[in-house]
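Note that chain A is present in both complexes that follow, paired respectively with chain B and with chain C.
And then the complex of A and B:
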């Protein structure tokens, strides 16, 4: 059980199918297509409906709008693909409250482990890759329950609701377990994620330092 | 940093550097050996973490990998001893160098979740654990 290699992938189609290509991605089940992420140079971007799949990264960025009252789920989710220099859409991300094809779907983001682990892997969100604080306004300003980033594990089943609430992500205080037990062999772990901005809680602005973090054990 | 296991028959095993990709706990072939009597991690400045007398032992490395980061990092080393359904865990944080101790129910030893890789210790012993200053004897 030496340290496993891990690979982050996303499905850039509306086909809700498994990542059968494992570390390489590519065509998967149900006409899905899995793209391997560059963890250093790629990033997630939540945008308004004006952003279009394939837009150039160098072009206009259309941010999520904080509503006058209540909350608003990001209409579209993208991976900013550094090598292709485009916004690559993740159509199944989020819920039906957003503007994509998300909802009660299972195969949206994947993390492939090529070996076993000694414990349950976690997905977390932090202010930066230093992993020392999780107090950014978008992570709830120190109140994890108010984090705008919400995720749900779909490794073993669909969320069970097209408007799943998810777990707010903020440091180790509020995070999701990506499976129910330690991995005994290579496996794909799946999750979905959304951003929900709330009037009065989240402030206009952006952060390029926030990170999603995978935490895992090996021996 | 290396840990040493001493088995009931007196045989000792010293791990590779636990900062390597294979820290040696799972790959060490202890299947034919009797139970672990003692586990020691030697740290800088003559400090050692010692666990002895437990019914079972576990060791694992905690790593993290960030989207927007710089590859996988080792965050902590964890040493666990199980005795009568209770687990004593030591977590050594790499960044701060601090060791923290936690007692939990077996099956909830890592932030409320279970871990795998437990290896047999000895039954009926007095379980002890602590961080000690080791006096090196030189000739």
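And then the complex of A and C:
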């Protein structure tokens, strides 16, 4: 079998419906709308509540705030849409703790495979596209369990909790399987993701080198 | 091509004829021509069995590249349970996903002898999971087959006898990235330069860490946006106190209520307190020994009035109720001294 093509999409509505448009996205179930990501130019961004859907990328960026104590889930999640030059919100991202419309919802981010794989696809986080280290402070500084990026697979079911904990993402040591087995045919795989910053663990800073990585085996 | 694996699963069907033992000296992984050096802390190994549960024949020995490939097998070789010569599974689980492009094995021997104990018909699988199921030929649908064939019997000599396996070509591993643009600020910007955006963020969402503000104001100009943000929820006028700080590390909280030993210049305060009463009582509670520069009153008093009023000089100055309008009758280079609440202001 040939290497399948993959397409990353996000739902920019509060409608928790499947990506019926597959590689093209567009209107989906339950009034959802799926937007195809440009993996070269778009990026995933977590912001504070001051960021507004549709804000210009060239405008002010309102980062997540690390609290004085305890933890803080990013209030809003966006895809920085390079072609539209806006912060395009992903309202269902994260949990109810984050203050968006997310929670026990299933159809938030999708990766559409147009063919089979030879293994289970994984979602990972790395320091850079070189995929050699995952030691950035936001990824736990070498302690994967302390990564601020947490994800959960929703391919086959909702998380089961509106305040799902998720799995911290850091390299291959801590990652999520996007399905339970290798894909035998074209399929949409779904996941949700959040950023949870913790006082004393995560430090003020920024990085645009971090990558969210889809890993899969093909034959 | 290269293979990426968290686990390598070796299903061994049988040996080269021995009726008593089945074993394997070592399996080495190579990448771009170099052996990947592994010690026993680099991985975890499992097997269906090992000889009499003796750790000197533990499966971990089969992947340890530091061990000798010659001489005796004790302490250097995996050996299955006594008289177990078929259907064994050997597993290595790397600490982190390992990339390799070839596998080289050295089959069982003991000082060049007993080579018929060596592993013969084998399937090798890779998995991105940490595989711990040691049942021969189980769950193989979850793995990717990369070798199906025989390991050569070791030569009858006490020497290394490496055999490179012909691995099944897979399509490969695809890694597809999406960029993450991550920024985070602390609500306690302990040693940051005053960043208007950052500060704005912090102040709006969090309680202001007053001690932090004190640090930041050491050399910074006052960010008025910050002050606007915290106006509503803070019990002091930070603009006034920021501008009046004479000591860099003056904690604003202290500046408001506990500024015991600092000079408090109320001139700035005057400008910001236009529409409220100047609560001297509040200030005097914490300013018992402070020098209060009444230049604040320049706009009310005559321009030439060098009026200095000492509060807390040993007299009970609270409740003085000093009426500035009374003083404003052009004292003309005079000084006044408030002796007591009920004292008349007298010229010296």
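What we mean here is this: the second predicted complex is superposed on the first by the 219 of 219 C-alpha atoms of A that agree within 3 Å, B and C clash if a C-alpha of one lies under 4 Å from a C-alpha of the other, contacts with A are read in each partner's own complex, and residues count from 1 in each chain.
As a convention for this text, contacts are C-beta pairs under 8 Å (C-beta built on N, C-alpha and C of every residue); 3 or more make two chains touch, one makes a residue touch a chain.
Everything numeric in this text was worked out from a predicted model, so none of it was measured.
Under the clash rule set out above, the superposition-derived model of chain A with chain B and chain C contains a clash between the two partners.
By the touch criterion defined above, A:42 reaches both chain B and chain C. In the superposition on chain A, A:218 contacts both chain B and chain C.
Comparing chain B with chain C, the partner in contact with more residues of chain A is C. By the touch criterion stated above, A:118 is placed in contact with chain B and with chain C alike.
Legend: residue contacts after superposition of the two complexes on their common chain; A:80 is shown touching chain C, with no touch to chain B.
In the superposition on chain A, A:173 makes contact with chain C only, not with chain B. By the touch criterion defined above, A:149 lies against chain C but remains apart from chain B after alignment on the C-alpha atoms of chain A. In the superposition on chain A, A:97 contacts neither chain B nor chain C. In the superposition on chain A, A:138 makes contact with chain C only, while chain B stays out of contact range. In the superposition on chain A, A:184 makes contact with chain B only, not with chain C. In the superposition on chain A, the residues of chain A contacting both chain B and chain C are 1-3, 6, 8, 37, 39, 42-44, 118-120, 122, 126, 129, 131, 172, 181-182, 210-219.
Residues of chain B that touch chain A in their complex: 21-23, 25-27, 58-72, 75, 78, 95, 110-111, 113-117.
Chain C meets chain A in the complex at residues 4, 6, 95-97, 127-129, 141-142, 144, 170-189, 192, 197-198, 201-202, 204-207, 209.
On the chain A side of its complex with chain B, the touching residues are 1-3, 6, 8, 37, 39-40, 42-44, 116, 118-120, 122, 124, 126, 129, 131-132, 172, 177, 181-182, 184, 209-219. Chain A makes touch with chain C in their complex at residues 1-3, 6, 8, 37, 39, 42-46, 48-50, 60-68, 80, 118-120, 122, 125-126, 129, 131, 138, 148-149, 171-173, 181-182, 195, 197, 202-208, 210-219.
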